[in-house]
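Note that the chains take the letters A, B, C and D in the order they are written out, and that residue 1 is the start of every chain.
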Amino acid sequence: MEIAGLRLEHPVLNGSGTFDALAARRAFGDDLLARFPFSGFVSKTITPEPRAGNPPPRLYETPSGLINSIGLPNKGLAGFLAEDLPALAELPVPLIVSVMATSHDDFERVVSAVAARSEVAALELNVSCPNVESGLIVGASAQETASLVEALRTVCPKPLIVKLTPNASDPGAIAAAAEEAGADAVSLINTIRARATDPQTFEPWLGAGSGGLSGPAVRAIALDQVARVAARVSLPVIGMGGIESGRHAAEFLAAGATAVAVGTASFRDPGAATRVLAELSEELRRYGFDSLSELREVRAPSTST
Amino acid sequence: MEIAGLRLEHPVLNGSGTFDALAARRAFGDDLLARFPFSGFVSKTITPEPRAGNPPPRLYETPSGLINSIGLPNKGLAGFLAEDLPALAELPVPLIVSVMATSHDDFERVVSAVAARSEVAALELNVSCPNVESGLIVGASAQETASLVEALRTVCPKPLIVKLTPNASDPGAIAAAAEEAGADAVSLINTIRARATDPQTFEPWLGAGSGGLSGPAVRAIALDQVARVAARVSLPVIGMGGIESGRHAAEFLAAGATAVAVGTASFRDPGAATRVLAELSEELRRYGFDSLSELREVRAPSTST
Amino acid sequence: MTERVLAPFGRRECRIVGRRETGGYVVFSALDAAGPPPRAGQFYMLAGEPWEGEGGRPFLARAFSVAAAEPRGEGTVLEFLLEAVGPGTAALAALEPGAVLRVVGPLGAPFSSLAELAPGAAGAILVGGGIGIAPLALLRRSLAAAGTPARTLLGFRDEAHSGGLELFDCSEIRLASEDGHAGHKGYVTDLLAVMLQGDDAGTAGVYACGPPAMLEAVRAICAERSVPAELAMEAPMACGFGACFGCAVPLATGGYMRVCVDGPVVRADAIATALVAGSGH
Amino acid sequence: MTERVLAPFGRRECRIVGRRETGGYVVFSALDAAGPPPRAGQFYMLAGEPWEGEGGRPFLARAFSVAAAEPRGEGTVLEFLLEAVGPGTAALAALEPGAVLRVVGPLGAPFSSLAELAPGAAGAILVGGGIGIAPLALLRRSLAAAGTPARTLLGFRDEAHSGGLELFDCSEIRLASEDGHAGHKGYVTDLLAVMLQGDDAGTAGVYACGPPAMLEAVRAICAERSVPAELAMEAPMACGFGACFGCAVPLATGGYMRVCVDGPVVRADAIATALVAGSGH
């Protein structure tokens, strides 16, 4: 299949920041490469300068979900290009690099430097991370999103995926703005702003005060936003949020997604995406769909409230 | 305790639309009155004209949550005033009537007619229901909310609670607009837009296409919005969203809420609010808080991202 | 109208006291120490403890018609007939004696007496399909106790969906099965149509419970012949006591009723259709 | 550095083959047919089947140090020492032989050999507190197998938190207990301090695992006396294989390490503190 000019073996990617292929290789060795579960690998979001990330605690388990407040720890652009990119190039699938910055200039610097590298197949713009100020501002506003994408479009000859925030009144409008401004695809949802309480002190539990919710708890919300966005734009949509099974993947595809991503489910089982893919084929067969695109045609107009 | 000029025996209310005291009286008889679980009763939202509600299916169970797409069935203003209000007046607690309309004129008509009735202690404005168009529009915009509340303030001598939608980029800004315009309190969260898929056909499952998510799945999201809103306004905040235990209630109070409401938990146990209240007292004792307001002072500034 | 028996307010805990398997279904019984004896047609919202399972479901309680109710000590032993079709029913079907059952009920409107349903009728006809035979078992007993003559027609898909016959302690049951493994090969409503052809319409009242398609057929047959009928309906429920407005069934006069408080037993001519999207499985 | 044993990619299913209670804790063992034998200090992410419970938790798998590993047939019997402190540990503690255990592992960096940790040292000192004695049990055996002399100091809060001693098949354990029910009345780090006073700093290497406050005391004592030490750390984990960046512990040089891939065993002088917000219980 092809999405935004990217050739993929199958429709299951990873969510940015939910799988570190280099760390996983330390844990699983080359068995990881032999059984690599994703059809394309999305890196954790990188920023212009190195970041240490948020003070712990960074995690809180909720009913059927997880709050994280990681704070985008990363080596920064230079460290990523020098150390990580060559190692990531050994993965058997196309590489999509997720990037974030807090100004147009910084964004342009990161995007052009990353796009210039031959190891990189596509870029994803994280304008939706709830843990860093710029994500909130850009991703919640159609205008901000459009102006950013327009600016980056000119410095990025590679496919540009815009990752939408669910913390917006109307994600469809943001997606439409991104399309208008030249994005090649959109992906959603990122995590939903959430908070936990210290069991002993009743103060905020997370070191950074609040974080983002992911996992099965958010799946129904994600599915709705994917359906609304897919109804609004003709760009390919990469759907994610709580996908744990092939059934769930099929639901996102039926709602209009072209591909899906597995995030939190990989924490519970590093090979979850492999199972999701196998179950998805099984679902298609059971319900008599000949192809993914046939499943996508099911979708009813999603204008209802 | 007092909230927005309303005297309440304790801090546990019901969420609008999650407890029909008249139907419950048919099921439980006067045992309901003898053991009434809430300190104030919030009616299901009423509208100017009668509504039949959405076509079935109206419900879908999600991991630790529930999607509903009920569509505000109600007898309309006249039917409510004539038939329901006298019966609701028999409840042993103050009555808060939730109202919604799709224009300022209609809103004014409903609010002034309801406020004129002596059985009514306070009104709640539903500007946040995800199932009816106006809720989306008004509740997602600070300006719309302010102009509505200003208009209704002049026709409503009784306490006016504004129920906020979680489907907004910045609920704190909406709350601030409501405060500025003269609201006496805010309540949140209403349900979060969500969607389900028909297990057989892969089409949208709910009769209306989409609905709203409630229950434990949304609690961490609700807690964050309550903390942000409480940090932004000095109005009393009625917090709700997935509260199932006294522990959860204490977390909302520690985040800045003055009172809490129990919604979906009542479906699983009609007397859930009674248990929540008992457990809340137990929590206060265990952690050495002398009063609810002491618990509320725990809250750290919630400006962190 | 036969009055509903009111439920104690709130949820209470009962103990499972019996469990057996029967023709693809499970019958389990619970000792309800604090609740009143229910009437036929009423239901309970049931959940286990613990309840939420793998994948975060079941989350809500599930509705079950009471199939038998016998006094024991101060309380009542309630019997339920259960078909495992999803996570909630699977979890309940796995409960062993001694386990805690969380209960709200009895809920909803019961069946009417024959005199109320069909004044002057000589006898009742009970029509049950699949798991829907459950409330008819209790109804059959209460009709017998009242001295009301009744004939019982029960239909099943196949042998794997044919449990609970032993809940009926009478010998004049007529059976139908879609695969022909027992009784008439075909639908139970075939038997009803034949029976009502013979009957004078004025001499019978019909009580039915079963899958939506069966109820719709009963509704049509009885409407055509002007035979008064009551249907015990199902609809997806979140609460069971009128709180959520989720269990909507369209009324003949427009709008919707709530199955949990306005039903589950309804006059067949009160509803627009028994084929409600989202009901059945 | 002793190399980590790599885990097979993905999650696999094992069977519980044994379970016993010991001084407030539970020891359970599982037959891992497909995984390699682990090294001391490594851990596994464990979950039951089904896993999610009442209230929607546990949701994520939980981390457990391997306390013993013995070959059986083609596979390995893994033993874990478990203290029930919340929904995840409670669910695991309830698993009976025959139940399915979902497993990812072995994960993380193991303890170094004494020659690697403290070149020239004459012997190892193992310092364990509470449930933290688990990885030391396996370490003690592997040191013994390598012929490395080792003394073992174990501390417990009280009798209800003192299980698992029998995992150490050696007689020279010295005990401390806060309530004085066994051995020295006080902290296990009191014993360590005394022992290191007598010792020449160059003659020992310390391996420690236990609650954050104990590890921090070990770190301080060893730093003061320049004794090389390795700590097996804990931190809340979502994944266990470096995917989530949740298990952060501050480094002495600034920034954070991930306990799951950069640890759990770390050089004591590499971290800024063992008292990390959110760790322990």
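Convention: a contact is a pair of C-beta atoms (placed from the backbone, for glycine too) under 8 Å apart; a residue touches a chain by one contact, two chains touch by 3 or more.
Please read all numbers here as calculations on a predicted model, not as lab measurements.
*Asks:* Moving only between chains that touch, what is the shortest number of steps from chain C to chain D?
*Replies:* The fewest touching-chain steps linking chain C to chain D number 1.
*Asks:* Using the touch rule from the top, work out which pair, A-D or A-C, shares more C-beta pairs.
*Replies:* Answer by contact count: A-D.
*Asks:* Among all other chains, pick the one whose mean CA position is farthest from the mean CA position of chain A.
*Replies:* C
*Asks:* With centres defined as the mean C-alpha position, give me the chain A-chain B separation in Å.
*Replies:* That gives a centre separation of 33 Å.
*Asks:* Between chain A and chain D, what distance separates the C-alpha centroids? Give it in angstrom.
*Replies:* Those two chain centres are 35 Å apart.
*Asks:* Give, as an integer number of Å, the spacing between the C-alpha centres of chain D and chain B.
*Replies:* From the centre of chain B to the centre of chain D is 48 Å.
*Asks:* List, in ascending order, every residue of chain A touching at least 2 other chains.
*Replies:* Residues 62-65, 216-217 of chain A each touch two or more of the other chains.
*Asks:* Do you know which chain D residues sit against two or more other chains?
*Replies:* Expected reply: 52, 55-56.
*Asks:* Can you tell me, using the touch rule above, whether these chains form a line, ring, star, complete graph or other shape?
*Replies:* Graph shape, chains as nodes and touching pairs as edges: complete.
*Asks:* Mind listing the chain C positions that touch chain A in their complex?
*Replies:* Residues 52, 55-56 of chain C touch chain A in their complex.
*Asks:* Touching chain C in the complex: which residues of chain B?
*Replies:* It is residues 17-20, 22-24, 26-29, 31-32, 34-35, 44, 52-53, 55-59, 61-66, 68, 70, 73, 205, 207, 215-217, 264, 266-272, 274 of chain B that touch chain C.
*Asks:* In their complex, what parts of chain A are in touch with chain C?
*Replies:* Residue positions touching the partner: 63-64, 216-217, 244.
*Asks:* If we count contacts the way the header does, which residues on chain C are in touch with chain D in the complex?
*Replies:* Against chain D, the touching part of chain C is residues 49-56.
*Asks:* Could you list, by residue number, the parts of chain A that touch chain B in their complex?
*Replies:* Those in contact with chain B are residues 60, 62-65, 67, 130-133, 136, 140-141, 167-170, 192-197, 200-204, 208-210, 213, 216-221, 223-225, 227, 242, 250-251, 254-255, 287, 295, 298-300, 302-305.
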